[in-house]
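Input: structures, listed below.
First chain A sits with chain B, and in the next complex the same chain sits with chain C.
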Partner chain A sequence: MEHVAPELFNGLVLGAFYAIVAIGLSLIMNLTGTINMAHGSFMTLAGYFAFALIARGTNFWFALLVAPLLAVLVAIIVERTMIRPLYGRDPVYSLLLTFGLSLIAEEVFHIVWGANTLPFAPPAALGGTVALGFMNFPTYRLFIVAVLLLVFGLLALFLYRTRFGLRLRAAVQDSEMIAALGTNTQVLYTINFGLGILLAGIAGVLAVGLLGLNPTTGNTLLMPAFVTVIIGGMGSLYGCLVGGVLIGLATSLMTLYVPAASEVVMYILMAIVLTIRPRGLFGEEGLFG
Partner chain B sequence: MTPGRIATLAAVALLALEPLLAPYIKVDVTIVSAALLFAIAAMSANLLLGYTGLPPFGNAAFFGLGSYGCALSIKYLHVHFVGAILFGLLGALLGALLIGPFLVRRRGIYFGLLSIAFGQVFYFIAYRLTDVTGGEDGMSVSRPYLVFPSFTMKETAFYYLSLAVFVLSILAFKLIVQSPFGRTLVAIRQNELRVRYLGLDSNRFVFAAILISALFGGLSGAMSAMLYGFIAPITSLNWTQSGDFVLATILGGAGTIWGPLIGSIIYVIGRDIISTITPYWQIFLGALFVACVLGFPRGILGTILARFGSAPVANDPEDPARTQSPAIAVEHHG
Partner chain C sequence: MSNPLIDRRTFVKGAGLGAAAIVAGVPAFIPRLGEAADAIKIGVLEPYTGTYAYPGENETIGIQMAIDAWNKRGGVLGRPIEIIKEDEESKPDVAAQKARKLVNQDKCVALIGTVSSGSSLSVQKASADMGVLFFASGGHTDDVTGKNCTWNTFRTCHSTWMEAHATAYTLAKKFGKRFYFITPDYAFGHALQTAFDDVIKQIGGTTVGYDLTPLGTTDFSSYLTKVPAAKPDVVVVLVQGDDYTNCMKQADSFGLLKKFPFGGPQVELEPLYGLPAAARTGYWGIEWSYSSDLALGKGNKAAHQFVADYFAHYLNSQKKPPTARECFGYVSIDRMLAGMAAAKSTDSVKVARAIEGEKFQSIFADGGYYRREDHQLMWPMWVAEIRPNGTPQDPNDLLDVIAKHDPDTIEQSVAEKAKICKMAYPS
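And then the complex of A and B:
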């Protein structure tokens, strides 16, 4: 049992990451039909921005706030210049484009920051462990869960309690009607894309403190995030949360008992969920065929 | 003779003469073999993408299972050439039978997402089964004898074998897409609801398309494994390989019969040349993706055919059937 409890907590941390990344992917996918293969690259980019900021003397907290915003700035430029012309076309085009962008990004990271994993230590205040009574747990991981829960809460407030969130959700249902009612849907798409990348950026900066920083850090979280979206169900934010935690727990338990199956277990989980519920756990009927 | 037929014969003649031309044009036979075999995998993607209208991002699974089916059968069962190909096809077919049922009812981005995810399963299996497959380090593949044990194939012989396999594949592909079955696939892409109203079970056609696509992918994978003499999960089974097949298809012209070959030749030979010039070749590769999507959505052959007004509908990126906004998806499949 003393081995299981820490692994379960690790699974929760991992699951929170998958969930936040998956929600970002899901937001972009739901509104514009774009499968963003560059999502992992934006995470890594935010990580490198944070590294560069800290190397220039700013503290971790400032970097955690500003680096994701810088990544969003890049994302907005990319969306306006390259992704926007592809809306309304076969999804294969935007997928290929973002895949190409991720190839470029990976090589640019190589050139600018090198291929080696860079040291990225969270501040001393977040080092060490916290005694939870029955076990000790790394403070930084608890901090990650707290931040990601806060982000999720703010996002839910934004989407379900503001007029802007209302417009976003309505545009997912019928963007033509929203445009006819006087909303500038192009701006809506851009902000939505930026929002998805903001989530990716926050997750990215937090992840490099855990996984280390190299050109492919973000991409290692991309595939689990896809599986999270599928298990949770397309178009559902809470689905992403539940799906992410399920995968995180399953993966860390497998790492404990059958390490060889730790990567495959999420696909098995996905196959089981889709067999029982073809649209995923919380997938909306009718959305995305 | 139509201009199309003349171009076809010229292309095949040029390919047949390539081993003689190789020293002059500085294009090695091995790399042309690779391009021809890559083109078979691109055709496998094209059947789903160009004709059936599904984004095939799991085709690396079929390709990789073909590679591993071939390599493992040579290593453990000591089969000869034909046996190795058959085991490759079997591997790809089994993979398709396993993941096909999950994909068959999905369209648009949902199909794309599921195909990426399910395709990755085999990547991790090959990655982890170190004892059998060599895991991350990959495994070497000894080229088996063709008919007689004494006849081992050198590069030129293998080139002609690849060319023969390619020609047979493209003939088969042409027969398939021009048959009533192939027409039905195009009809599904254009208006699936109408196909259903005509009394056809469109899911069964899609499932058959996935199986056929897997066979083409598996054939390409098996032949490629023997060409390179080496396979590894990252270069055969990883989803990025699926992205390369789709890019080659779109670059040449999705929904056209010869497009995938044109795209594959440019992609494979171009990648080979760029990677010898600069260590940062991945940037140029990525730029090719971006340029192709933004500047050449019809692809090379598609653009040429459109100029003469004879491009297939399946090639038009602005075709309403190819635009998959969520709102449209609700109306069609809700």
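And then the complex of A and C:
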């Protein structure tokens, strides 16, 4: 049993990570029906931007703020020029488009930054460990949890306490009516897409402090995020949070007892949830409960 | 039509000039076409995408360097050599399918390459079925020259048995006999683990912890948090590539690198360059070094010339020094072509016969030979301590080579191999 406490903690960190990526996916999916297969590429892109910024002498904190915003800039261009024409069509169109984009992105990363893993270390202040009593836990992982909780709080405030958030939620329920009432839904879509990518970008920069930075870094995290959305339920912010933590815990605990099954456990979890409750744990008709 | 981009007259003039150029070019062009048709084609199967893309690129550079050298000397059997590259993606099924394509469609007479052991085994099987030579340049699992050995396959990099034995004795002597293993859950990892179990039995050591991690694991925290409780003398890391980077980076973040010695049977420069300096540490088996006389051989002109040529003309996309992967690629294709020259033929059986047992000098110390009984290249292996920041003159020079092990002391003997590897030539 001495191993279980650290595993639970590891699982929570991992889960928070999956959740924030899943929320970004979910935002984009709910409003426009776009299944963004390029989400992982935007994470990687933000990682490379952060790497490039730090290589040019800026510090980690500046890169953590600015790199996701640069990724959002790219995302807005992509949304306006390529994804927008596909709104209103079958989701397969945007799925294929974004899948293609992710392949192209991987090759571009390959050409610009090379196939090898680049060294990326979090700043020295986050380098050590913190004694938690039952174990020494890496400071950087605690920092990740703190940032993700902050981001989650700000996002909830934004969606539930601002006029824009209200419009966004209304648009999910009936975008035609919102448009008829005088809201520019095109702008709404763009901002929403940017918001989803902002979350991906923050997760991306945080991830490369933990993993190596190479053209496939983001894509390795994409599949758990999709599973998170499905388990948590389409359209539910809290569902993503619960789903992410569930997967994180299940993976970590499985690693302790049956490492070979640690990869597959999330799919088993998904199958169980889909069988018992096909719309996911918190999935409902509208967005965000 | 007031301002067309190309008017009719310009077009006619241009077309006329073009036609003239083609006609003038033909006499010179035809014989060259004939020459090209005569080229000896060799299929290169390397991962150019995915976790082993960087070692794949480096092996290809080594291959290209040898090809250029042979072509400069007039090729083999009076014919130029040409390579056709395919991305095998480190996926055994893709590798086997591309192997068939290279032989059946592109008419390659021999194959070379692979980094991942799974791909080495699948290409070995496919090439044996087709009866063409295969040089497994970079997949380490014992089975290639063990129970799966075939007459057509020669393996250049060290076997997992050699890697484990070369380093295990050093680690045990330096740190103690309680080992903790982090092992990748596929052919390569299993083979390494078997070899380590053999050493542990010999020296009376114990395995205090043992984790099988799936290939492509991103989060090693669950494995690493178990390490302190097991109180090992040394943590042996068997994972490779990006998994190695993730594992060491996270071991550093958990503060483990300061508490326990780390080491393992194999480390390569490619993943080391992807690590922050704080996570570069320990004692590891290595398969070549561009900077050490112990690895290159003191006064070995060919090796020093190879390194100089690399820096002058073949620098990889990362502008980093050559690694063991350049050496594998170079040695493999160089010996394949030497075999063709000696056999005066490209016939696979004749070339294989000409290669096996033949001693040669190359770009590493002492020279070596592909053993007749299992087709394993018998060459030295080295152990290095990692210099986190290189040397003051060369920040890329991360390997401080401290020991050389002779092949006969680290590989299974011919008698032992005879029980495992049954090699049958086509009659």
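We take it that the second predicted complex is superposed on the first by the 284 of 289 C-alpha atoms of A that agree within 3 Å, B and C clash if a C-alpha of one lies under 4 Å from a C-alpha of the other, contacts with A are read in each partner's own complex, and residues count from 1 in each chain.
Everything that follows uses one rule, which is that a residue touches a chain if its C-beta (ideal position, glycine included) is under 8 Å from a C-beta of that chain, and two chains touch if they have at least 3 such contacts.
Bear in mind the structure is a predicted one, so any value in this text is a computation, not a measurement.
By the document's definition of touching, of the two partners only chain C reaches A:121; chain B does not.
Residue contacts after overlaying the shared chain place A:3 against chain C, while chain B stays out of touching range.
When the two complexes are overlaid, the chain among chain B and chain C that reaches more residues of chain A is B. Of the two partner chains placed around the shared chain by superposition, chain B is the only one that A:226 touches, whereas chain C remains out of contact. Shared-chain residue A:129: touches chain C; no touch with chain B. Of the two partner chains placed around the shared chain by superposition, chain B is the only one that A:95 touches, whereas chain C remains out of contact. In the superposition on chain A, contact is made by A:260 with both chain B and chain C. Shared-chain residue A:106: touches chain B and chain C both. The interface of chain A with chain B overlaps its interface with chain C at residues 106, 110, 260, 263.
Residues 48-51, 53-54, 56-57, 185, 211-214, 216-219, 221-223, 225-226, 229, 242, 245-246, 249-250, 253-255, 270-271, 273-279, 317-318 of chain C touch chain A in their complex. Contact residues on chain A toward chain B in their complex (touch as defined above): 29-31, 33, 35, 37, 82, 85-97, 99-108, 110-111, 172-176, 223, 226-227, 229-230, 234, 260-261, 263-264, 267, 270-271, 274, 278, 285-289.
Of all residues in chain B, those touching chain A in their complex are 49, 53, 55, 57, 102, 105-114, 116-118, 120-121, 124-125, 127-128, 239-240, 243, 246-247, 250, 280, 282-283, 285-290, 292-294, 297, 317-318, 322-327, 329-330, 332-334.
Chain A makes touch with chain C in their complex at residues 2-3, 6-7, 10, 13-14, 106, 110, 114-121, 127-129, 135-141, 210-214, 216, 220-221, 251-252, 255-256, 259-260, 262-263.
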